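Listed next: structures, encoded as structure tokens.
Below, subunit A partners subunit B and then partners subunit C, in two separate complexes.
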Partner chain A sequence: MNRFLGNKGAIALFTLPTLLLFTVIVFWPILQVFYRSMYEWDGLTVGQFIGLDNFARMFGDRLFYTSLYNGLIFAAVLAVLQIGIGTILALTIAGTAVKGKKFLRISYFIPVVLSVTVVCQLWLAMYNGEYGLINKIFEVLGLSYRQDWLSDGKTAIYAIAIVNAWQYMGYHFALLLASARSIPEQYLEAARIDGAERWKAHWKVTIPLMAETYKFCFVLAITGGLNAFANMYIMTSGGPGTETYTLTYMMYRSAFRVGEYGYGSASAAFLVIECLIVTFAINKLIARERIVY
Partner chain B sequence: MLKRIRKKQPVFQLFLWVYALISLYPLVWMLFYSLKDNNEIFVTNPFGFPTHLRFENYRAAMSQFNVPQYFLNSVLVSVATVVGTIALAIMFAYSVARLRWKGKTAAQMYVVIGMFVPVQVIMIPLAILVRDFHLTNTYLSLILPYIAFNVSFASMVFYGFFRTIPNDLEESACIDGATIYQTFRIVMLPLVKPSIATMVIFVFLAAWNEFPIALMLISKETLKTLPLGLLFFQGQFTTDWGAMGAAMMIASLPTVLIYVFFSEQVEKAMTVGSAVKG
Partner chain C sequence: MKKALALGMTGLMLSTALAACGSGNKENQASESAPASQPASQAAGSASAGAPAEKTKLRVYAQYSDDDTKGYYDYAVKELAKEMPNVELELEIQAQDDGQKLKTYAATGNLPDIFNTGLDQINVFRKSNNILQLDEYVDKFGFKDKMQPSTLNTLYTDDQHVYAFPYAGNEFMLIFYNKELFQQNGLEVPKTFDDLKKAVDTFKGKGITPMSIFAKEKWPDVGFYDMFATRYNTGGISALDKGTAKITDPGYKEAAQNIIDLVKAGLLAKGSTNMNYDQAAALFHEGKAAMFINGQWEIEASTKALGDKAGYMYYPASDAATYEKNKFAFSGGGTPGGFAVSANTKNKDLAAEVASLLALKYAEFKYTEKGSPIVSTKVDKPVVKAFDPMMETLAKDIPNITSTTAFAWGLSNAKFKAAIEDASQNLLSGSSYTADQFIEDVAAGLK
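Moving on, here comes the complex of A and B:
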């Protein structure tokens, strides 16, 4: 049996293709990001080692702080809207007799399967200052609140974050619903018999029991926000001015527009570390022990 | 009576339907305007059902925006990615879950790293790599990275399924004189079929909708996939909203249909990640 399951030829045939492809396309580039972040490099020549100069320059760059700040706003909007709305919808559907459950679930989830390009174009049309749906709605309501949401430096980042929140809310909803359904009924029953209000019971009993899922949702929403790129690329190109830059967008511009591959790698390296810290912090903050029913 | 009303939570019930409207209406609006002309979209009938169904918008989308070409590219890239990812992941997972060799845990942990790295972060080295391998503007420059990025997750899911299969299956196959390859193909593959179906959906959706890598690596018009090809607000055709809406409807149709027909499997496919990553 050991010889049968220890067949070296089979093991090599089964694992080497994956290991090779993964090493070349994922692992090697990760190392490259850190290595190249210490170079002044145009992507063509050998480049010159400059130690941590790229990072020193970055920490003095105003664009870096705009990007960092926008990433945090984006992450906060996603976390609050997606997880907040997702929680209310999932717990209501899991806990009450609702007609049309299937229809509701499908309508929440459909935006998730669309491409980011379609969603962003659609929202560009909705935000459009002259003909957009949102301004039309204000018009119908008789409010003269016409506004070009994406050209105002103050609202643009929120307007973009809402698009992403809208698209992927259904994903968080599906995760939370699956999690809420896996909780045995008696936990909720017990809380109800004690006379606790339903949402108080959810807050005290249901939500803590779903801690593992919440951990995943927060990691997803926050790292997703910090990494945001496609939404601003399609909707504003980082504008107006540089108001909607994020670290990924800064990396993209440095490397592919300005040709400073080393400097771009530095912001990518910073982003990796930022995401690792956030993931670690969320795992620390949300109770670690696995709950056994 | 009062108790029954409270139990039904009217406020929250209402919220369910209000949010469904927020989630769905923009898409309905897009469907409507894909069948209208500009005058109707902007002035006469911005919200409601089209007064006259202008299917010519769809014809215009097909001819103006290169949609058939993009569509074909998306199909080709997505199908190749699905086939490649499933084949590699299932072999790898079988090997680390069932075969006996030193270092298999390390190999598995190594590949898991891929699940925690956002694609955007390694765009720069990836672009250089593709250039150095002379793959710029080829289908392979998309297919290979897509496979590499999906293989981590897919192999973790298959790993979970392979672990649940009892050991005596292989033992009896061995006693019957089957080779390890025959055992894999005839005994093991049929057993993981349900998880293959789930992963096919997952990988297909991921590949069909992928944007940043395509943006970085493809500049040739004839190789663009739909998410890249449909960036019209940056292009020249910004005036004909109806045809733009039609192009977007065509691009969304495959994934929406897959979702509507297999909604439970799709949700399962998308959410299976939390169990693996958590």
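Moving on, here comes the complex of A and C:
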């Protein structure tokens, strides 16, 4: 094995096909986005180089700030709900005392494999202002808290974020469960002998040892939130008005509805940088050193 | 041994990955071509009887997604097979995607020979030289003589050239209403916004939704705003598009404020900005909503559901005098659009001939089978499905119409179109969106 890994030629040979694909499909388009963000271009004719004008225009555009703000809210909701609830569920299932573990494990994961469209349609029916399940529940409970969830600019973005959080919570749950299971039993036992009760032991021992998985989960949840698109596209089409726009949606609007590919590329470029900064920050802040048991 | 194992594993992984890619592609191709091949083969089937073996294949990009649009296309293909048996059409189904698919085709040099298109796309393709100028064919086929004189605005663009053979004619936005519900509640047909507000209050008190609109699609929202805007400036949104009016003119803000006030009073059903056509129309058709916003093509469906209880009203205005004065200043109207021909098609003459024939046949189908006289071209075939009474009424109103504007899809400035679509939907959301914000957002689109 060592001899094989020492053979640089072989490594190059085997990574080359993937690297080539990655470059063509991912890296080259990203470079194109940055390049095209400096053009006034309609996607069909030859563009005109305008330097950083698109960015200047973007920073003065109210839609940009709405989109940026919504992306941050979306990311925050995903991070809190997916990772928070995912952790509680994972640690509960990882414990030995729970009955029907296999059933629970599978049912938490089911939404992940469903299509986004199916999930969105399901929640559209639940959020419906007239006959939706959620409003009915408030009605049954005797609370006058009926809402027009998706048509109210203030609640819509949260309502949509919750749908995404619900769907992919199972994914984070699965990652966290696998991570919790891989921690050797003796650490928890030692904590219990020292007198820590179960959740305290988890708080002090299990969770810190899962830091590397958390790092991965946070990167996924936050970047996923920042570039959210499908949920709002299906559920509100960015509406009411532009209230549920994200940067990805803004890119879609600029490029495909208005035909300003250059301006759309500018918001995409900003999004790429934003995601890179977040990923970098998470890597700096969480699990700086490799954890070895 | 280890080395061999590692090599073997890597090889296996690579081959499965590639296999997965390969099969995925195949499936995609199959699902893409399946719907396209069906009507084309129908066309071939009906035409092959007496046709010579040599046939020219043309790709057509047209709507074919529901019974309504399928009816048009199938009729046109059947007729085409009779008149031009030497042509075989290969259908590409038009996507509801703001023209993305068509633009991608254009960008990759893969534009279908004939495509159904609207004004904003014509403008884009005109600049990028993707669309064929059809002036010579209009003369050659005598298409202008086949047009109704009142619909020539749908043939010529602002540079006085022809880029598409039109069929739709000048269509209108209408406020449909349920006469019975108004009578039962002792309400007159509203002439002013105050009357409308009174109707809203009365209906709300009775648990009836005053008005339904499928505001998830954004063009009805723009049309609804335009109905109000035309009470102040008969040019409405069209005047903004053409630059003959400014969004800062007081009427545009007042129109926005009128809508905000009415929505706050409870004009619309909850969740209107998330309703599609089926949901909104069901409210009106089942007698749960008193009014409904749609184009005049709704006449057929509403008459079917409500019989002679359904009617349309003239748009209310700020006062009775304005109401009377602008009664026949309608919102909506025709804009250039229809079947266009790719500039890069190999068979320019043939494609142009087929495009013009398709437009004529679409109009013919609408006139004879869909109960609508609102078409661009003259039709001399006998009517199969008689016009509904409401359509008869509208047909009598049409000669009196003093002005029209445009539907959202007829706006030439794409940036303005997107801005007013988003802003008009916001007006209907009943949130804290103000008329000033509306003006600001639309102004941003006009910059």
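The rule we apply is simple: the second predicted complex is superposed on the first by the 267 of 293 C-alpha atoms of A that agree within 3 Å, B and C clash if a C-alpha of one lies under 4 Å from a C-alpha of the other, contacts with A are read in each partner's own complex, and residues count from 1 in each chain.
Here is the rule we go by: a contact is a pair of C-beta atoms (placed from the backbone, for glycine too) under 8 Å apart; a residue touches a chain by one contact, two chains touch by 3 or more.
Quantities reported herein were computed from a predicted structural model and do not represent experimental measurements.
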Worksheet item: Given the touch rule stated above, what does A:I106 touch, subunit B (first), subunit C (second), both, or neither?
Response: first
Worksheet entry | Partner chain in contact with A:E243 - subunit B first, subunit C second, else both or neither | second
Practice prompt. Based on the superposed arrangement, let me know which partner A:I183 touches: subunit B (first), subunit C (second), both, or neither?
Written response: neither
Worksheet item: Just subunit B (first), just subunit C (second), both, or neither: which does A:D152 touch?
Response: second
Discussion item. Just checking: does A:L175 make contact with subunit B only, subunit C only, both, or neither of them? Give me first, second, both or neither.
Written reply: first
Worksheet item: Who touches more of subunit A, subunit B or subunit C?
Response: B
Fill in: Touched partner set for A:I50, first subunit B, second subunit C, both or neither
neither
Practice prompt. Look at A:S265 in the shared chain and tell me whether it touches subunit B only, subunit C only, both, or neither; answer first, second, both or neither.
Written response: first
Discussion item. According to the stated criteria, A:F256 is in contact with first (subunit B), second (subunit C), both, or neither; which is it?
Written reply: both
Item to complete: Scan A:Q32 for contacts with subunit B and subunit C and give back first, second, both or neither.
Response: first
Worksheet item: Which subunit A residues come up in both lists, the one for subunit B and the one for subunit C?
Response: 1, 4, 14, 17, 43, 124, 130, 237, 256
Discussion item. If we count contacts the way the header does, which residues on subunit B are in touch with subunit A in the complex?
Written reply: 7-9, 12-13, 15-17, 19-20, 22-24, 26-27, 29-30, 33, 41-42, 46-47, 88-89, 91-92, 94-96, 98-101, 107, 110-111, 113-114, 116-118, 120-129, 144-145, 147-149, 151-152, 155, 170-171, 174, 180-181, 184, 205, 208-209, 211-212, 215-216, 226-228, 230-234, 241, 244-245, 248, 251-252, 255-256, 258-260, 263, 266-267, 270-271, 273-274, 277-278
Discussion item. Which residues of subunit A touch subunit C once you look at their complex with the stated criterion?
Written reply: 1, 3-4, 14, 17, 42-45, 61-62, 124, 128-130, 148, 150-154, 235-243, 253, 256-260
Item to complete: Would you pull the subunit C residues touching subunit A in the complex into a rising list?
Response: 2-3, 6, 10, 14, 97-100, 103, 106-107, 124-125, 127-128, 130, 216, 218, 269-274, 414-415, 417-418, 422-423, 425-433, 440-441, 444
Item to complete: Note which residues of subunit A are touching subunit B in the complex, please.
Response: 1-2, 4-8, 10-11, 13-15, 17-19, 21-22, 24-30, 32-33, 36, 43, 85, 88-89, 92-93, 96-98, 102-118, 121-126, 130-131, 133, 136, 140, 166, 169-171, 174-175, 178-179, 198, 212-213, 215-217, 219, 223, 227, 229-230, 233-234, 237, 248, 251-252, 255-256, 261, 264-265, 268, 271-272, 275, 279
